[in-house]
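In the two complexes that follow, chain A is the common piece, with chain B as its partner first and chain C second.
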Partner chain A sequence: MLHRLSFIPGRLLQAIPVVFGVTLLVFFMAHLLPGDPALAILGDKATEDRIVALRTQLGLDKPLLVQYGLFLSNIARGNLGDSLTYQVPVSSLVLEAVPVTLSLVFFALILGLLIGIPLSGIAAVKPNRPADLGVRAYTLVGQGMPQFWVGIMLILFFSLKLRLFPVGGYGQTAADHLYYLFLPALTLAIALSPTLIRSLRSSTINVLGSEYVATARSKGSGGVALFRQHVLRNAIIPTVSIMGVNLGYLVGGSIVIEKVFALPGLGSLMLNAIFSRDFPTIQGVTLFVALFVVVVGILTDVVYTLLDPRVNFSSKERE
Partner chain B sequence: MRKKNRIAFVGFLAATALVLTGCSAGTATESPSSGAPSEAGGPVMGGDLVIARGPDALTMDSTSAQFENFSMSVFQQMGQSLFSPTPDGQELVPLLATGFTVSDDGLTYTIPLRDDVTFSDGQKMTSKDVKFSIDQDTATADTGWGFVNAAIDKVNIVDDYTIDVVLKYPWAPIIADLSMFSNAIVQDNYGGKTKEQYYEAPVMTGPFMWGEWKKGQYLKLVKNPTYWEAGKPYLDSVSWNVVPDANTRKLQLQGGQIDINDTPDWSSFASLKESPGVEVYAFPSTQIDYVSMNEDREPFADVHVRRAIAYAIDRDALVEAVLFGNGEPANSMLSPGTPFYDKDAQGPTYDVAKAKEELALSSKPNGFSTTLLIRSGNANQAATSQIIQDELKEIGITVEIVQLDPTANKKARQAMEYDMAFSAWTMDIPDPDQWTTFALDPKGGAHSAFTNYNNPEVIALNNQAQRESDLTKRADLYKQIQKLTGEDAFLAYLYYSPYAFASTDKVKGFEVTPLGNYHTENIYKTK
Partner chain C sequence: MSTPTAILAGFQAKRRATRSRTLKPWYKNGSLVAGMIIVGALVLMAILAPIIAPYDPIQQNLTNTLQAPSTSHLLGTDKYGRDVLSRLIWGARVNLRIGFLAVLIPFVFGSILGGLAGYFGGWLDAIVMRVVDVFFAFPFYVMVIVLVFILGSGEASIYLAIAAVSWVSYAKIVRGEVIVAKKQDYVVGARLGGMSHGRVLVRHIGPNVLSQAIIYGMSDIVMDIMAVVTLGYLGLGIAPPTAEWGSMILDGQEFITTLWQQATIPGLIVVVTSLGVSFLGDGLSDLLSPDRRK
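This part shows the complex of A and B:
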């Protein structure tokens, strides 16, 4: 088993140039934006003297390459620098925002699976029958509705009409967080589930038609036990890679949902940092997201390897 | 209600988990909440106030350059200055001082202090603290707000509760300057801490004291038990939540999740007005919205071109379309909330015939093409600019609207890289000098509000007003300034818009001054 996972160190090494490339691209793209952090901070009442003084104080008067060099040498020492806006370490801002976004994304993933697995099973058992058509209609509608609109509709119904959930925010205790994250996670799950259902439905139909399922049936297996032991385990393999890709997408796509639900996650942090030209924060968040996507990519392959004994990334890489 | 929902929700999750594992769930109950005391028939004591607004505060160091309006509204619940503006924003009254006297040469202000003021750690406030506070602000002249103290030569301690502020030259706005947030009273020598440590959790004299700040999420202040004003504050705490989306703030207010919505947009203002349990407020402000014209670029140095533009704009229509009727057309560079505002000032009003006449007299009698810079994502500016574009087309001026995000927009205006631009101003002190010097004096540090307007007569009048302590004579000087600047049409004034707020009907005693300050010590919540 372990030798099949020996591809991991190689993948981690490959990730270094990827992450380095991302920092380079983001650093220079952020500095290409017109505007200036000193101006963003000082506002309309700024005078030239105050702008110059603040630029010097923030180190923005140094040449761009020197600033990038400082950024890299700081990273090498595990320091992401200080936020230009808040004057606190970027790492502390990122560390406060990461749990919010990751909880949201994983909560959404769980809800997406809770919606997706039963619906795809119902659809696949009797293809082209009313239940299947209903599920397929849901996937079309779910994919077609803009996320911010779904979010607002859920708020109007569950928060304002039924008064069951809060209108945005994150709360202060762990129980609060779960409670506050339910509607935003459901919004993301509704957007995510159609992709899961489509993939899972078609692979389930394939698996149901396979010889080993027929054999299992002939041995008297059926119902939920057959589905869980023989069908789902095989049908879910292609869905794992889809979920891996979607996790990265969800972290990036959470910006809109975080804004609608006033969640203090990475998306909000990034958006505010871009508007105020808070370069160190933009770089810090990007670095984290790049690392996250790389790690999720590797983890997806690990899960893939564990689920399907035929998959062996390590041997392919040695060829 | 909300706690009950949360418990029910957590119970629901637990029940689901238990059902899935084949077990059964018990029921969750809510613990009883304790009641807060209330004065019979008077304000209710206790409770937590939650204010939601788009941006977060940036810093609590009120002398630093980063300190801006969103930091100010939090800071002012903790930090107090020697003087404070009256609720109408027109005058100043003593706050931590008890009054002042001026020497005959107008250079020495003797200021007696209250002797019953303590900081939130229980230590008494004395003239040592006051001298240190003003000196530390003055020291930030190049890096922060200390430039407001430019006229101060030194501060002398007379006794434990009296100071002398000695000026370099007679300076009429000095009491207004001392009322600024940057001159708020801090502890002598920062109470033995470094400046950075002190402002991370300021110890000050106001009704609330430092609580907790989760940057980008919320900032909470709690009641100062040693506050010097008897019986206040009523609330136990005040929190400012960061809720960037205006629609989410509106829904949170309707759902009772927050108490006050800071700056709902005007389009949702009317619908909030109709919502049950919600109060809306349009407080008079010192805000003036205007179109600035860059005199470095052709043809805006020509007064006839500027007048033609100013006459072509229908301000009543803008107030209706953009502010949904909640505002007034502007007639002067000063707003009605600013001292010495002249309500009879004859700023250009909507008159298409006059606009055409002025254009005919100008260097561009057949019209010209130009651009109007606005902030992207700003609904008010987008609507206003489209109306102005249409109106200027009628007199032969073709306008292209250029949108830049807020930071890039500021950069373009600061660098004078624009033709016409949409902008606005609000006052920080109850004295017109802050704005007139910024907008009229090319040496004021901002190229005359980034227009390069330069009228020596106006500049001389402004300098004279800075040194005139006689109120009647000062009023006359500002009247002349308002007349001349209106005739020069150095800005095309648009409208005076009020400050929009909305609260639940349980919030009482909430008022915002024209300077944008509010006093949370006067607020209480009914049950």
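This part shows the complex of A and C:
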């Protein structure tokens, strides 16, 4: 078991240039701003004093290489700079917002599987029959709907018409959070489900045609039991890597969804920072999200290896 | 391995594949026809907007705001008294234009970079692929939103932001295709015949690997249409008062309890548009690479 995880050090090594590149890109964001970044950030609020102060705060008065070095050493110490709007460390703002976004994303992942597994199962059992065509139509439409619009439609139906769920907000207690997060998570799950269904459908069709399923059938297994015991466990493996890739997509989507449902997560933090031109916060959130995606990518490979004994990243080069 | 016979066999296989492509005429391709009808109708609506729109899309009428649908305003009026139907029709211009044009830069840039990386391999490939990995770490909307912020609002920024995010997918796809293609006999044969790398890439590999990029490009158009609408909804897209579907949904959300149509209908037209483009993409992929379809 353990020897199959021997790819991890190599995989971590492979991630180093990516992390390096991510920091470089985020660092240069400030220099992409047209003209003097300090002036661009302050806009019409700029006075000579404030520009000088901000230039010093952002370290813009030093040579580029020194600035980047400082940027890296600050990141390494968890220092993302101070928010221009709130005058507090960006890292504390990010830490406050992360639980909201992560809960939303994982809730969405669970709901996405709850939608995707049964639908892909129905579609895969009899390909090209009406049920399958219906599921395929759903994936096509699901892909063509703007996520935020789906959220608004869910609010219209579940909150305003049926009065089952709140139109927005996050609540106070843990139970509240779950209740308030349901519609936003459902929105993201609907956006995610076409991808999940497509992957699960094709892997389920493959598994259903395999010899061990024929064996199970010959031993009298069938229906939901067969599906649960023999099919799903194998069919879901390729989907794990797809879910890993899509976690980043979900985090991106949650930026938009948090606005629809007024959730105090990373997305709201980012959008508010954009509208108040709070550059250190924008930079901090962007960096955090990108590093999160890199880490999730590594974790996905680990989980994938543990789930499927046939996968062996150690022995051969990927791709 | 690359004997003249093998090369000839390769050419013949290629010709056979080409012939089988032409067996089914395009008009019998259901997806393609459906896509052409839907997208064609939308493009026509955009072109004819000045003629078919009943009102001026940005003309305010503050004595006639927030009207429910009626015979004079089929979809009602918004908070500035502007006719919603007219804004919907005019919105097709902005949304379709950006959605379709935004794929061009990343398509060209990504394909060239991916093609060179795949063809020459070595350090060029290593560098390009690491850069691709870096860009892949940024979720689509995070990158687009930040770039639009940095570049300033406006159509040009949207093109650039989308290009900066989506070129990586084309680079990955074309690189993979080129790596497979460069080992094929027709490429080896062309090189043996004394052709330069540039000529082989452009004349022989290019036409054979681009179909996958074009097929992906169609789904990318759907994504770009979503991006434009989403940016409009977030207030980061095309500046008001220009009619644009995303900002119309944002405006409509405010009055959703009384005038549900105003947020719903622009979203529906986005769904119809993306369905049309998806059909078109499916149809094209049947035409371009029939051998890959199951």
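Definition applied: the second predicted complex is superposed on the first by the 274 of 319 C-alpha atoms of A that agree within 3 Å, B and C clash if a C-alpha of one lies under 4 Å from a C-alpha of the other, contacts with A are read in each partner's own complex, and residues count from 1 in each chain.
Everything below uses one rule, namely that a contact is a pair of C-beta atoms (placed from the backbone, for glycine too) under 8 Å apart; a residue touches a chain by one contact, two chains touch by 3 or more.
Computed from a predicted structure; not experimentally measured.
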| item | value |
| --- | --- |
| First (chain B), second (chain C), both or neither touched by A:Ala262 | first |
| Which superposed partner A:Leu33 touches (first chain B, second chain C, both, neither) | both |
| First (chain B), second (chain C), both or neither touched by A:Ser276 | first |
| First (chain B), second (chain C), both or neither touched by A:Ser203 | neither |
| Partner chain in contact with A:Val22 - chain B first, chain C second, else both or neither | second |
| Which superposed partner A:Leu160 touches (first chain B, second chain C, both, neither) | both |
| Touched chain A residues, chain B compared with chain C | B |
| Chain B versus chain C as contact partner of A:Ala53, first or second or both or neither | first |
| Partner chain(s) touched by A:Gly144 [first = chain B, second = chain C, both, neither] | second |
| Touched partner set for A:Ile152, first chain B, second chain C, both or neither | both |
| Set of chain A residues, in rising order, touched by both chain B and chain C | 33-34, 152, 155-156, 160, 259-260, 271, 275 |
| Chain A-touching residues of chain C, taken from the complex the two chains share | 130-131, 133-142, 145-146, 149-152, 222, 226, 229-230, 233-236, 246, 249, 253, 256-257, 260, 263-264, 267, 270-271, 273-275, 278 |
| Interfacial residue positions of chain B with respect to chain A in the complex | 1-2, 5-6, 8-10, 13, 52, 56, 58-59, 65-66, 68-69, 142-144, 147, 214-217, 241-245, 247-248, 251-252, 254-255, 257, 404-412, 414, 423-425, 428, 438, 444-446 |
| Interfacial residue positions of chain A with respect to chain B in the complex | 33-37, 39-51, 53-54, 57, 85-88, 93, 96-97, 152, 155-156, 159-160, 163-170, 175-176, 178-179, 182, 259-262, 264, 268-269, 271-272, 275-277 |
| In the complex with chain C, residue positions of chain A that touch it | 17-18, 21-22, 24-25, 29, 32-34, 140-141, 143-149, 152-153, 155-156, 160, 248-249, 251-253, 255-256, 259-260, 270-271, 274-275, 282, 285-286, 289-291, 293-294, 297 |
